[in-house]
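What follows is subunit A paired twice: with subunit B in the first complex and subunit C in the second.
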Partner chain A sequence: MSESSPTQEQAAAPEPAKEKERLFGLLDLDARFDLTRFRLIRALLKSRWMPLALILFNTFMFMIILVATLLGGFSAGNYNFGIMLVWILWWVLLMFVLVPVFARAWCLMCPFPIFSDWFQRRRLINIGEEPKKPWGLNRRWPKWLKNMWLMNVLFLVTTFFSGFLTVRPFATFVLLGSVILAAFIVGLVYEKRSFCLYLCPVSGFQGLYSQFAAAEIRRKDDAICKAHKKKTCFIGNEQGHGCPWLLMPFKFEKNTYCGMCLECFKTCPHDNMAFNLRPFGADLLVDTKLESKGLDEAWKAFIMLGIAVVFYLGFQGPWGFMKDMIRGTTLPGFLSYIAFHTVFCLAVIPGVFLAFCWLSKLASGNREVPLKKVFTGFAYTLIPLGLGVWVAFSFGIILPNGSYLLHIASDPFSWGWNLFGTANFPWTPVLTGYLPHLQGIAMLLFYLFSVDYGTKLARRIYPEPAQAKRGFVPILAALTAVTFLFLWLYMG
Partner chain B sequence: MKQRETIALGLMALATVGTLAAIFGYERYRRATQFDVVLIARAPEYGNWDPRTITVPRGQPVRLHIRNIDTVSHGFGLPAFDVAVREIEAGTATTTTFTPDRAGEFLFLCTVWCSERHLEMTGKLVVQ
Partner chain C sequence: MNRAVLQVLLAGVAAVALGAAPPAGEEHFFEVRARKFEYEPHVLRVNRGDRVRIRLLSEDVAHGLYVDGYDLNVVANPGEDGSLTFTADRTGRFIFRCSVTCGEFHPYMIGHLKVEPNTPFFTYAALLLVLGAGILAITAVRRRREA
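Moving on to the complex of A and B:
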């Protein structure tokens, strides 16, 4: 783009008024509500104590979790503080509110990479007088790995052990310990948050599902960014570090790789960064040269859906033999679980989806559109649906087990403590009678989002509206089928 | 500015080392003040009673704190002094008090059929 002045742009022939896209035909997709208009929030976002204060709090929490998972021994899974906090509280918070509403809000307060940051920056909170070379080798991440594939694999492999992670405290200790250690070691070799961008097992799905979130960090005014030649948000200044997630805050359009670290609020001398609330799902339509839709994200969507099915069958479903497989009761059972799980997530789901995309292309009557474009494009319709599945799954965790939290808060190590006097709080399932209904409602709600964005994506895949309409029918059928499958699983 | 870094470092130390110190300090204090013997219960294949032998003085009340860190229920019985805790559920802890009024060696045992090797889940109380 040339650096044209605003007046020139106005003088150019007025663009044919582009029809505004609306969510469910109601909410303007470009609508934004910038929270920095409140002075208090603006001050918070610009303070160097944010997000460090939250990170320090979570460092404290994870210290307790590590001790609990290490010394809790073989206490019953449901009574271990670490397991409860990680797999019931943390996981549910992630899937319930943090990711679907606030994007990578967890990464904002995540304690895992703090030691790496601290080492590289040589300071915990301050910036240092002049730009100093960061410690560590500071290598660039290899270009061919700058995508989600590695995280896809790592996350899938982590789920192989889900049966142990939720029962054996020590397994959770090993997992958390290795994430924290890996974050540090990777930080010694590679620049900034390379670990978070391309390795962290919980990063991939947060990035993918953040596209659906109702919050975003973005520049306010393009013109201000253009005029500001010294891109301090990228290179850093005395107020803050250049974007640790290697984004260009003056340019990016998609939540996926923004860790919400808030540095750009500090480094922008024009206060041009906004913390916006926005309509759900706005990023699902983004497809620019810099942030193009890709197969890596498509596969992430498949994997997340596949894992949800397998987890449901293995943890909440009625079939005992599957539980035994996932818990590794016998080695052959465990291995067949791994094999089934992997093939199902990596090949079966994408294969079935591909078939529907092929039908879509056939139905559209458009022969020029490459099948790959249809496939990657429509894969994004699985993002709202996948989130719905996970929200429904989370209901199934928190309602029956939530009351344990009171118990473990008082006696985190099963040492017979009673810090808050709730150690003997009995197990009280909450609203479990309504569980299937809540799960059903969640599924249907997110299904509607998928359908709505599906029609919009169809318009981007097929040039002609009529083609788009016809081409969307098979996808609609697929989305509906998946929804019914889960409704059947959850509601019986 | 310098000060801010110091505060941050202090908070970091508090969140890490401080947390550890608080956890273990509190547990030590509790053990020292609230009971005399801590006993860990696990099925024999996972470690059995720990310790297997408890030594206490004669004539003084003993506060015995039993932690079941196993995945199955256990029980505690000390027939010589009529002590019985019928069930200690997995992952829970219980406290019981008794006064040994004679010296000698006495058997204590698990009273819940907890594993194939349940019968091996025994220990020795030495009263001096």
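Moving on to the complex of A and C:
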């Protein structure tokens, strides 16, 4: 991510010319449907209670989760409120709806930054006069860390402990407690939502996959933004805070780092912000000076694919020795798992993909285009496919385990309550006979998105159409091979 | 003479028809040992139409075995085996999973029942290859037109 402070030069930089393109040759990728055209939605987005009401609700839920996971201790997690809500309901909602459809909608309602926001702003709800200097040290995040690398590492490290986190309530308590504490401490030192932007383990993949999402927040009219010299969306005014995500709402083109906090709807005096519905994946083609394609995002895509493979082998596969390794039955086994997981995600997958990119360059006949450009550019084809892999994986979570939610809703602390009369609801797998089909359909559907965007990315990577077509063939083979691999894992 | 030819033809048709039909179901017996958090054997392979008998033995705590797609369940306690008999009339790979909370990794205690031929997998794999080949063909045709 580039430097976030707006300058005259950046603000005045001309927009890059956009080629008119269509998704699957049908849907204009520039098509947008602005939801703020409905008065009710417009009023909702401008209200100071939105998204605060959702954040407060989730903070309340989060407190219950913390208590439940603390009380749950080391018991089996499938009857624990915290485990079920976080690793079944939240995760599945995230992968099925929130990220693919609404981008970073979870960040909009996430409770983690509430305490640091409150501290920095010195108020929770109203704005009044924006404080000249927020509380805290308010330091700028180091420029060399303004990317996804730290989040890549932190998320990968977090997944090392999934064999504990997803089954031991106390492990989830430690994780969630650490995250909210870290968010607060980072907020004391660094400006605004630096934690969410560059550290939160779950922020990275949401940012990456939100490029595929069918929703976005963008300015409506460039001309209005250019004429509005006082960039209130960035610096804030009496109606709202300056962008907590340190973006320039008058300028940005990608969902990756937009936390959808809705402050720009409040601070724009011209109602020039839109909440658009759009074709899936529109951001995958964005590559501007401010928001360029980068290796950090490429590696995030590789890591997410790698984690899916390892998680399948460990959690949804039938191999007992893998489960023993993941749950740390022996230290050598656990360390071997970490080593395999790390090398597979950080080196093997990128290495194999690099080989296909080298073949792509060879097939294209273009010797001038840098291999790094081919590698980085085509890595974005793995975003739809990766999301498909996780949608398919999540079917394997919710269908067999969803019925536990009814139990824990009635008895969240395992105190023998029966709030909704469902405490004794038996374990009931739902539609698990159709699981392979749902997974197969998800894989093929997202494969098509990857291929379609692959052809478009090829035209951006190689200057000549013929080169692009030849150069795409090895990438098509790679995408097909990845899809085949996951079909085999899920059904074969 | 004609009658002999007819008999040979009928015999041939019958042979082809019998060859195309699913083989008569064999009986398979599996002794599945369950322990935290795995089954042994963890993959059961049968053919469509086969009769499957499973004897579930628990080596530590109470375990279950629920077969996805067949909606069958059996439970075994230590020293108290469970048994399950069914005809594998649906093809594909089906997960069987523990149905009794047996410890923290219980939701991940999984095995596979493979009923050959794995038609769903081959169907989706074939679809994938058709899609990939189709896209290649479209690319080639467009290139030729542009040339």
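In the analysis below, the second predicted complex is superposed on the first by the 471 of 492 C-alpha atoms of A that agree within 3 Å, B and C clash if a C-alpha of one lies under 4 Å from a C-alpha of the other, contacts with A are read in each partner's own complex, and residues count from 1 in each chain.
Everything that follows uses one rule, which is that a residue touches a chain if its C-beta (ideal position, glycine included) is under 8 Å from a C-beta of that chain, and two chains touch if they have at least 3 such contacts.
Everything numeric in this text was worked out from a predicted model, so none of it was measured.
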| item | value |
| --- | --- |
| Partner chain(s) touched by A:M443 [first = subunit B, second = subunit C, both, neither] | second |
| Contacts of A:F57 with subunit B and subunit C, given as first, second, both or neither | first |
| Subunit C versus subunit B, contacts on subunit A by residue | C |
| Partner chain in contact with A:P465 - subunit B first, subunit C second, else both or neither | second |
| Subunit B versus subunit C as contact partner of A:F38, first or second or both or neither | neither |
| Touching partner for A:L487 - first (subunit B), second (subunit C), both, neither | second |
| Which superposed partner A:N401 touches (first subunit B, second subunit C, both, neither) | second |
| First (subunit B), second (subunit C), both or neither touched by A:W319 | second |
| Overlap of the subunit B and subunit C footprints on subunit A, listed as residue numbers | 74-79, 167 |
| Residue ranges of subunit A touching subunit C (in the complex, touch as defined) | 74-79, 163, 167-168, 314-320, 323, 327, 400-401, 427, 429, 432-433, 435-437, 440, 443-444, 447-448, 451, 455, 465-466, 469, 472-473, 476-477, 480, 483-484, 487-488, 491-492 |
| Contacting residues of subunit C [partner subunit A, same complex] | 37-40, 42-43, 66, 68-71, 90, 92-95, 97, 99, 101, 103-112, 118, 120-121, 123-125, 127-129, 131-132, 135-136, 139-140, 142-143, 146-147 |
| Subunit B-facing residues of subunit A, complex | 48, 52, 56-57, 59-60, 63-64, 67, 72-80, 118, 123-126, 167, 411, 413-417 |
| Contacting residues of subunit B [partner subunit A, same complex] | 1, 4-5, 8-9, 11-12, 14-16, 19-20, 23, 26-27, 30, 42, 46, 65, 67-71, 89-95 |
